[in-house]
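Each structure below appears as structure tokens.
What follows is subunit A paired twice: with subunit B in the first complex and subunit C in the second.
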Partner chain A sequence: MSDDAIQVQGAMKRYGAVMAVDDVSFNVAPGEFVSLLGPSGCGKTTSLRMIAGFIDPSGGAIRVHGRDVTYLPPERRDLGFVFQNYALWPHMTVAENVAFGLKLRKKSRSFIKDKIEESLSVTGLSGYAARLPRELSGGQQQRVALARALALEPQVLLMDEPLSNLDRALRVVMRRELKELQARMKMTTLYVTHDQEEALSMSNRVVIMNKGRVEQIAAPYELYENPATTFVADFVGITNFLEGVVVDTEPGWVGVRLETGQVLRAVIRQPVSRGSAVRALIRPERVTLSTAPIDGLNVLRGRVVLSEYFGAVLRYTVRLDDGGTLRSEVHNFDGFIAPGEQVWICALPEHLRVIPHERRAGE
Partner chain B sequence: MIRRLTPSLSPGLLAIFIFVALPMLWVVRTSFNDLAQGSFIVETFTLDNYTRFLGDPWYLVNTLWFTVRIAILSTAVSVICAYPVALYIARTTGVQRNILMALIMAPLLIGLVTLVYGWIVIFRGGGLLNSLMIALNVYDEPVRYMWDIKGVVILLVYIGMPYIVLSLMDSIERISPYLVEAARNVGASPWTAFWKIVFPLTMPGLYAGLVIVFSLNFAAFAVPLMIGDSNTQMIGLVIYREALLNNDLPFASALSVIMVSVNALILVGMAVLFGRLILNRLEAKR
Partner chain C sequence: MTRLDFGAVALRLFTLLMMIFLIFPILVTLVVAVNPREFILPPSGFTLDWFKAAWSSQTFLRGMGVSLVLGVVSATLANALALPAAMAMVRHDFRGKAALNLILMSPLLIPTTIFSLALYIWFVRIGYGAGLLPLFVGHTVHVMPYAMRILTASLHNFDPSYEEAARNVGAGRVRTLFSVTLPVIRTGLISSFALCFILSWNDFPISVFLAPPGWTPLPVELYSYIKFQYDAVAAALAASLILLSVVAMVILDQLAGLRRVLRS
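== the complex of A and B ==
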């Protein structure tokens, strides 16, 4: 267990009556890239700042490579931190920004010089050493912030929405560079973002947070394919929900009776009890439309009400005959279905997921 | 941009020219005039007023150099007193902040004469300050503050503080707390983070405050007049005496020209020094 680079155990932060972070636990293995993903106010940044030591937790424990750092001041934690707004010291040149921590560690002049050169070249900033932060673009400033953190070879790199102040095109470029750099240096990274694309594309594992709590911790593929809660299913990607009650339970699959009375079969991974309220969900790209009638299991019927063409993707909105709407995404299409046309949908049992229909405070 | 601003600035520039530049030109001209029979100004061109100043150690040392020293001393003490206050107020909010700001601004609002009379109560032999110091066992015998340089410096410090606090607070509030966190993160103690990050970034505010307060102290007149004695010959007071008591306008003018020039020189020196130290880095190049 103490092999973990970071271990957060039951971390809590209370602000008056509000629990900003409520019993959050997760770990980051050495060399791993873990993201904290969630909407604004979900407690992800507060969690990261507690790990960095900028905020004192109200409870719980934080360990870095087995060492309890819960109440250590930030300067004694040996963690790199990259801020959303870069937080470069405006009165110092790029080189001075990078050198600051090294000087505090009383490194030799030649060591510092080499280290500045190395970390600037790694972040693609060679030749910018003498510039002042205000003479750099946003993307370059964030590279300096990264170089500043990397120069100290921290045990873990913490990043707080480092790309969200950049414009979209640059964000995508920087995202790839960052991931490539992290993988090459095998830098243990904890990354906070509200951008699911970033989290899914960069991370080994993602911690999904909502209202101060952890909703699910899983690899990106697992999150998308097997969301544990409605929140995760809704937050990560687009999904179709069908409300129902479990009527049949068999090993490996269940029958879910929809409000219309129709029973859908769905493959399950965790057992659900008979009679429990559930949501069956299916991703839009799994919803295939047929203009010819189909018979059999799990067939739903409806009419196309809207078709949106995006080039690579064609999106249909289908109103089911029994009420409710489904969204469908087609990637390899060879024809359009006109709005108003009758369609049949076969929701394959292995494409349906069943999630307990939890009702929580505030929903 | 500058061209577009020019028309809207011109009435202001005109006012500055009429009410500041013209009188100063007149003062410069007068400083080269002569005084006949001790009271009548004679239009001429003589350097007598300047040679009289430069040739007399009393003016050079006891007035000009003395004024420079007092201005530097009281400005420095103002800064030392104002800095922690500004740091503290910058961290407060709401009612607490409003109360503290009102207290700091008070000397600017009361009016100098009322203020000085108030301080006389504090300064005099059996006054508040002496009673307090004796009660605290700092010294045994009452110390003379009134009609003494000590009282002058204390008052100049007090009057200078609000300017420095205000200009420092402006700088302090511009500093993102993330800059301090970033410093702590790379290994700086709170103290190191203050000296290496916060302090340098407050230099623009400190500089602005220094310029204002040094100039005010250098030209101090009312405080040495009301609190000082014959040994506290600050140059502003000497000019007043020459102009209004001795009726020697040409000499008073020469003293004024010297005062303004020396002040300007010191300010230019400060600008160069601060610019070299840090301001050039913080201000965008044009």
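== the complex of A and C ==
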């Protein structure tokens, strides 16, 4: 584990009676792109700022390439940081912003000049060296902030919601550029965002945080397909939940009895005991609807209450006969099902995941 | 429409009257300063003799020098003290913050004469009386609340992530202060310094109580002069200072954007 670029162990931050970060541990491998994802107030930015050294942790340890930096001042950590509001020094030109850190390192004048040129060209800003930050657009300012960080060739790049102040179209473009640049330079990156699309599309792994704690650490695919907790399932994408009780277990599979008495077969990742309350969940795109009666395992009956057409996708809201609601998404459709029509719903066992009901303080 | 016009005309008239009211004393001073006959209006000619007399008076020149040194030193000290205090006030929450703020601002609440007298009595008690140290301390304490006000406003607008960004690229605390914080709040610093200097330059009560012999600032010299002399030398000196102030205002505006400062 000591060759990790970043290792966070049991990090904590207490503000009065509130635990902003509560026993958070994760690691980032060299060259890896890891995101901290969660709703606002989940502790992701606080965690990042502790790694950068802007906030002193109340407990735990932070290592960068094996070196304990927990209580080092920020200027001695050798980490790049890109701020949400860019934080470009307004009295310095673009070139001076980029050069500041290099001058502190007593680099030669020609080295600094080359480095400015290189990092500005990498970020697509050649020709802007003499501008002041206020003469640039938001997207350009963010590029300067990136160039300023990259010029120092930091061991790790930390980014705090760098795209959230940009408009949506630009955000998507910048997201791709950033990912492409990161992959090309093999830059170890820890990225904080509340935007799940950003986290899923850019990261090798995602750390999902909630209320100061880590909910799950996994690759984007794993996160979406195998959420470890209801919070993760709910926060990442749209999920249908079915409440029930375990009546039957075998390795990898369980039978879940719904309130109606119907038993559904579902996949299980963590062991659960018979009789425990669980939630079975299924993604809307895995739910198939049929207007003709179908027989077989895991078939439910209901009535369409709403159908919404979005071009590429058609979304149905279905009221189940037992009173619950399911959402279904169809991508290759050949005809609408009108609201009010009776439908048979198929939730294939391999697409139905069971998560134990969490019993946690505050819930 | 006619009602509206009447309102507009009334407002203009009122504004004009107020401007005359404000400018009239200055105008009288300027007229008296170039009038050959002392204090008799309307003016009967034009002369620069009073100016010559004012600018060749050793007493006034020395007073001006004293005021200049006093203003620069107390403005510098006040800002050097007010900056860290304002930083603590803006960036941290601590017990007794409101009380401390009140204490730091208290020179504003107490009439300057009372304040000067109290300071004088206190310095006498601890064995100083009037003297150089009491004079500089008095001026510094007197102008510091104004520096606090302006610097607090500047720091409220200062984004702390500028400092974090500097620390992140390798600058220590001191380097960050001088390379980032101070340049970014430059406008506030310049206007704070200018205001402190002007307040010290204009002060009369503190200097009367605390200035030692040989260190009489200009306002006190002027006062003793006009108490006994009935010529226009004082008016000429005042006129010179008004003109100097105008020049200073223009320079300050170019340097720091006075309009922005006055608006904040």
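Assume the second predicted complex is superposed on the first by the 363 of 363 C-alpha atoms of A that agree within 3 Å, B and C clash if a C-alpha of one lies under 4 Å from a C-alpha of the other, contacts with A are read in each partner's own complex, and residues count from 1 in each chain.
We adopt the following convention: contacts are C-beta pairs under 8 Å (C-beta built on N, C-alpha and C of every residue); 3 or more make two chains touch, one makes a residue touch a chain.
Owing to the predicted nature of the structure, the values given are computational and were not obtained by experimental measurement.
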Combined model on subunit A where subunit B meets subunit C, clash or fit: clash
Contacts of A:Leu132 with subunit B and subunit C, given as first, second, both or neither: first
Which superposed partner A:Pro74 touches (first subunit B, second subunit C, both, neither): both
Partner chain(s) touched by A:Val24 [first = subunit B, second = subunit C, both, neither]: neither
Contacts of A:Arg148 with subunit B and subunit C, given as first, second, both or neither: both
Partner chain in contact with A:Val256 - subunit B first, subunit C second, else both or neither: neither
Subunit A residues contacted in one complex by subunit B, in the other by subunit C: 52-54, 73-75, 79-81, 83, 85, 87-91, 100-101, 104-105, 148-149, 152
Contact set on subunit B toward subunit A in their complex: 176, 178-179, 181-190, 192, 196-197, 200-201, 278, 281-282, 284
Residues of subunit C that touch subunit A when the two form their complex: 159, 161-162, 164-172, 175, 179-180, 183-184, 186
Sites on subunit A touched by subunit B in the complex: 52-54, 73-75, 79-81, 83, 85, 87-91, 100-101, 104-105, 132, 134, 148-149, 152
Touch list for subunit A against partner subunit C, complex: 52-54, 73-75, 78-81, 83, 85, 87-91, 100-101, 104-105, 148-149, 152
